[in-house]
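Look at the two complexes coming up: chain A is in both, with chain B in one and chain C in the other.
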Partner chain A sequence: MSGRAGSRLNVDAVALFAAAATLICAAPALAVIGFALAPGEGARFGGPLLTNGALGTLGLTLAGGTGAIVLGAASAWLVSLCRFPGRGAFEWLLVIPLAAPSYVLAYAYSGLTWAGGPIAFPVRGFWGAAFIYAIGLYPYVYLAARAAFASQSACALEAARTLGAKPGALFFRVGLPLARPGLVAGGALALMEIAADYGAAQHFGLTTLSTAIFRAWYAHQSAHGALQIAAVLLIAALVFLVAERRARGRAGFADGGARWRTLPRYTLSPLAAAGAFVFCAGLIVLGAALPLGWLAYIAVEHTYAADITKAFFNSISLAGAGALATLVLAALIAVSARRGGAMGKFSLFAAGMGYAAPGAVLALGAFSMFGLMREFGWIGGVGVSLALVTLIWAYAARFTAAGAQPIDAGLARLSKGLDASARTLGAGPARRLWQVDLPIAAPSLAAALLILFVDILKELPATLIIRPFNFDTLAVIAYQYASDEQLELAAAPSLLIFAAGLAPILLLTRSIARGRAGSR
Partner chain B sequence: MPFNLSRRTFALGASAAALAACSQQTPAAEEPNFVNLYTARHYDADRMLYAAFQEATGVEVRALSGNAEQLLERMRTEGDATEADLFVSADAGNLWRVKDAGLLQNVTSPTLEANVPTRLRDPEGAFWGFSKRARIIVYRKDAVRPEEVASFDNLADARFRGQIVMRSSSNTYQLSTLSSRIERLGAENAQAWASGVRANFARDPQGSDTDQIKAVAAGEAQASVCNHYYYLRLTRSEDPADRQVVERVGFVFPDQAGSGTHVNISGGGVARHAKRPGRAKQFLEWLVSDEAQNLLAPVNVEFPIRPEIAPAPDLAAMGAFKEEDIPLDALGRHQAEAARIFEAAGWK
Partner chain C sequence: MSSVTLSNVRRIYDGKPVVNEVSLTAPEAQVLALLGASGSGKSTLLRLIAGLESVDGGEIRLGDEIASTPKRTLPAEARRVGMVFQDYSLFPHLSAAANVAFGLEHLPRAEREAQALSWLDRIGLHARAHAFPHELSGGEQQRVALARALAPKPRAVLLDEPFSGLDPVLREELRQVTMDALAETRTTALFVTHDAEEALLVADRLAILKNGRLLQEAAPRDAYDKPASIDAAAALGPINTAEGRVENGAVATPFGAISARHLIEGAQARVAVRAEAVRLAPGRQARVIDVRPHGAHDLVRIEADGVVWRALAPARTVLGERVDVGLQPAGAFAFSAAG
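Moving on to the complex of A and B:
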């Protein structure tokens, strides 16, 4: 039999593909760091621009990130473990703000609350941006926390309850610690989204590393200086990812065996139930209904020169293709990281750091790579197909973390024993991938695919700069009108982005509900 | 050749192929009837112009709109492989930067020379204006007399302490305005002016030009600065809130007694590595033709580049004004310095 030889060949195949996937995903970010280290003008950006940008990013990730984590964890706890009117509906409604890009929320809130707007309380400046991030990004934490609460052993919670723990104590002393890995993973995504955001921070006039990158690039006319600041951001993201993994890694639990039960839910007192209802409803109103409703209100009765139908189709197909490509790469990387040692883990971080960088920077990295390849004579022209491949490459470079994180979390449920048994039975790495890893991670694969789809649908800067001629997406059209200060015209494409993202998000929520332990 | 292309597309993967199928393939023809445009302008009027050009000449305009600096960087990395024939931007400083990067070619054209005023084009013919805009001061009518804001200088007066709102200094329009001052009066003067205006801020910079006008109307400040067409758009709006803004806010073309109002152009230049330089030039020439200028005038919010073409009636009603006379490349040359001056002044 070809047993041993075949298995060794398989080892090479999976590990090799994973290494290639890592290289593909990390290359644009590594190119940015490489070009930043190359000698050139722009050394002065070690100065105030970098310092102020770093402080701004730190402040916003702390304030906005804390907000997102608190809102996400609290809402997930309420719908998972408490009983109050509307709970079932909130369970899926709470994910809705995920479909609204931060820059759309920023534009909507400035129109709603700035000078002469219908709401007199201005959402602006640092705290305004922190609010936008918290309310727009809490679903990342909610999703992760929801999944974590759902898969917690009912026994641990019931034991605590039997021992007389009050709901508050149960949340802080049992639920929260048990859900920490999920909270950290979801929080990490939210924090990196904040670091990468350019549109909202720019509109609110804040200096962050992302806005500093573009100030160096545009105002100081120094693409090299921009790359240097971007390199700082990327390296910070890498360090952050390693730290995040350590924070999560120490909290390794055996998950209490297989005795799943329906989760016990508290019936809240009328007052507490009303509070829970207002809290959850408030999140949905502030994160989606109010800003998007206002956009819908100003969007009425406008005619468009831009072909929105075509842009809608372009957006959907691009997001679909980009999400599939990124998912394959992210799955390979995540599986191999689970199996491999330090090197495998590092590949997860290297491929993931792009999530904290603005898409335009990674686009620049991808372009530079193509420039080099062209100089070496490996490729020829710059046609339509090459532009689309570059674009999908940039998506992979930017969003791998968003795909790999949920897959990795899903694989965490795979007990070491199962893998060992499969191995003892002679299954090679490829076969274990197909017959063990992927089936077990299937729900998280679906979740990752949907998150990627929505993320790419919302993506603007990389799409804007890499797309081929006569190829507009919804985000591009929204940007064109918004940058021309015609918010009433930007409103309809923005709403369509939201609408196109909504369906997958609702699917995603259902899949989580179905994946809940005890309901199988 | 088309066969080759689609074969390569398939080799690049099913997903890319699916996408390529819904966009247009590059046709291979000795006589191309299209021209590729990198454009940092994105007005609905532009789409109408492309259609009219195709109607008139049979040549299709394929546009890739985006941010000027990013399009420049894309063109740079694409090098001589680029598909871009023409670069269009709504800022002379950006056009100068593309020229400075060696990515435009000089064009000689009697049509362009006859129609584009010398001051509104590159002396060597690397870029040509086709419409222009003015930077105006807006003020709250019940708090400010127009003569108090007759000049940009006034915005730095102690009279306006805590009464000025501005947009971010990262914005190209702000940078170009300060660049023109550096060109006329030197960096020291520009620094003093920026610091003076900064000291008058009612709040940190935020939002767009339109947001500044609305802030003035809402009483957050007494004066600000914007491109003329953002004010014009509000006068065209049917929204009662916008009408109220226009009722409360007046405008002046600044510096009429002195150097003249700061003016910038929308313009274009033929790419150094254009594959269809003839088509690119044809489009530029058509843009300043009677047909295009008269077509553009009624819908355009900018002023026609040719003085003899009448702008839209409401635009003409804003009044005639004296324009600042500086070489437009100054807007590009001084831009990085302008950014440093803004930063030193603490103008975010």
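Moving on to the complex of A and C:
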């Protein structure tokens, strides 16, 4: 609540900047819809590419999503409510598969199980992709379900135990219903990731909406057809996003900052404890240790086979620039949302839409947008710099929400009294921002920057579509080598992406460990 | 220093007035205590005076300056009104000294630091100047918050339940530190509390609030001796109430008559008797049904004709004993039931 005089100007300035940030985030998605609706040549709406793509995406989200939800819920239940050897370590180790993008897991498993690989059971085709999604994305569900089991349901679970419920009954009758909002939220994230995935589906030769966009774009040379498929995927994602928000209702998706209560746990029988151990260890081995180990082994064996230095520096500088640009937008939107008002809330939602939209969709939007601007003569040149600006714009549209979320959470921790204190001590809006808000939010800004950097580093489809000619990043060369069936050359860049992805995961697990230490 | 004057101040949340036509004055260099239960609007009143919220009616003046009207709110940062928050709200990223120096931005750095240190010295925290808030105890944080609010020499300082959440011994000590600092700097202070004893102890003036309305504003002694209403009487300690008709200038209760000469003969009246004005002596009139130790006194419940009253009795009273009851006129009040 600000004074009606004096500070109005500043409130409006923040809202104005937030509105601009929102427009930047929303523009590529709007462009996709606009261009898709515009009359033009190209693939007929509803052509076989679209139908097959929709079926493929639907099937994969069902199969992979179900797998991720089952694995995530079961593992969360085990570490939250049961006592077995290694439980404490599994609690944070189970998050690690999140570090690897699906396409990296796909490449690793191809090398492991296809021609000449050490494992004779081939991971390929539809079920191979579903396996990759389930094993790589279950941590989303695990984190949400674990938060649900550990926090709001603790009392209900204890009550059920005093009423004599056995572990199995407790899981199905109390735990699962209570964790439902968390399962919905975590499952939704996994489903969105599956729908947005391009690299793994492409590698397994599957037709999904994401791969169909590429096929229309490159093979059929039909920009308009690609845009129409992108529009369908975008609208599906948005419908899904809104449905998910509704289903989740008021039950928030617990973030890493929540404190975990130590629950009284069931002591499992030796056989059951062994089963729980094997289950959790199996998830970590299949989701991280095995693929990571293989990539490391192959990468070391082929150290000098591929020169990845240039791609490495391209990745670092592109991800750095993209993360900084996105961070500014994310901070503006988060600050504006925190100060209240309809604009801030709308900005946060609009940024969330960008996050739900697959990278390929936003890339097409940004690309077409800049193409149109060039046609109108608003901007000149073609060159490398224009493509990079377009690419960073697409990253910002996709990832602003991912950056805004931790900043928002960091700002939420500020006592409202701090702002009031600063005001009664004579500090105007600018001084409050620089000397109070920003220094206190600095850790969450740093966390947001790290998350954005790694998300952009891992990003594949948008980078593939927009990158300037001959501008290769780690993700791009991993993809190209894998496409050329040179998996041994894809290993080193894949490994680097995996390693980079570990950084924010370790940050997350650190907050889990800290929360546990502080719990009573 | 300035006086703080509120005239018919209103503040409305969701169509409901949380501060309703409140008029009062905090005289220059005096301590005004705002006493009320939670929901009485006392904290909102402070936020209005600080300029953190806008008034929906009436006006607030700081000295001669009009600070708030429904049309114009002088922003908090331009008011020079200090505030000590209930949770202290120290800046977690700044040391104790830097917290105190925050409001001294207009001074050169050396002067700023010197003043901050001198303030920490004054409140006995010189040695903790470089400690961060999380390294300070609750009492130390409270002192830093006080020094931070007073350091910029505000026109008035507002204290929102500054001692709640502290243990009684520390509370007493900090109250003394705070009152000394206020007196020494001759700062006008408005002090919110729900603790009647504390309000009586620290205030030069006392304002009693209930449901957003001002029940009474008076010197503490007057508020205690001449409550304006039953509610005002109840705000300053446990009371017993009864209703009856004024007959021969008095209202009869099961425990004795109460003088009501200022009321119209035959009118319906309500009476309030402070528990400490109920005197017990061995006798027959009433029966002791409950005895609870209450410091030097016992809080005693007595019963007669099915009516139960409370008494704060100095002597040790025996449960089940029969007593005679005397009502001290100074602690017994009659009000017209019509008003």
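Operating definition for what follows: the second predicted complex is superposed on the first by the 307 of 520 C-alpha atoms of A that agree within 3 Å, B and C clash if a C-alpha of one lies under 4 Å from a C-alpha of the other, contacts with A are read in each partner's own complex, and residues count from 1 in each chain.
Following the convention adopted for this analysis, a residue touches a chain if its C-beta (ideal position, glycine included) is under 8 Å from a C-beta of that chain, and two chains touch if they have at least 3 such contacts.
Being a predicted model, the structure only gives us computed values, none of them experimental.
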{"item": "Touching partner for A:215 - first (chain B), second (chain C), both, neither", "value": "first"}
{"item": "Touching partner for A:392 - first (chain B), second (chain C), both, neither", "value": "first"}
{"item": "Touching partner for A:204 - first (chain B), second (chain C), both, neither", "value": "first"}
{"item": "First, second, both or neither for A:313, with chain B first and chain C second", "value": "first"}
{"item": "Partner chain(s) touched by A:168 [first = chain B, second = chain C, both, neither]", "value": "neither"}
{"item": "Winner by number of chain A residues touched, once chain B and chain C are compared", "value": "B"}
{"item": "Which superposed partner A:420 touches (first chain B, second chain C, both, neither)", "value": "second"}
{"item": "Partner chain(s) touched by A:428 [first = chain B, second = chain C, both, neither]", "value": "second"}
{"item": "Chain B versus chain C as contact partner of A:374, first or second or both or neither", "value": "first"}
{"item": "Chain C-touching residues of chain A, taken from the complex the two chains share", "value": "1-7, 415, 417-418, 420-428, 431, 435-436, 439-440"}
{"item": "Partner chain A, residues of chain B touching it in the complex", "value": "5, 8-9, 12-13, 15-20, 22-26, 36-37, 42-44, 47-48, 62-67, 69-71, 73-74, 77-79, 81-83, 97, 167-170, 172, 175, 204-211, 214-215, 217-218, 220, 230, 233, 241, 244-245, 335-336, 338-340, 342-343, 348"}
{"item": "Contact set on chain A toward chain B in their complex", "value": "48-49, 110, 114-116, 124-125, 202-207, 211, 214-215, 217-223, 304-306, 313-314, 317-318, 320-322, 324-325, 360, 363-364, 367-368, 370-371, 374, 380-386, 388-389, 392, 461, 464-472, 476, 480-481, 483-486"}
{"item": "Chain A contact footprint on chain C (complex, rising order)", "value": "47, 50-54, 71-83, 85-93, 102-103, 105-106, 148-149, 152, 154, 158"}
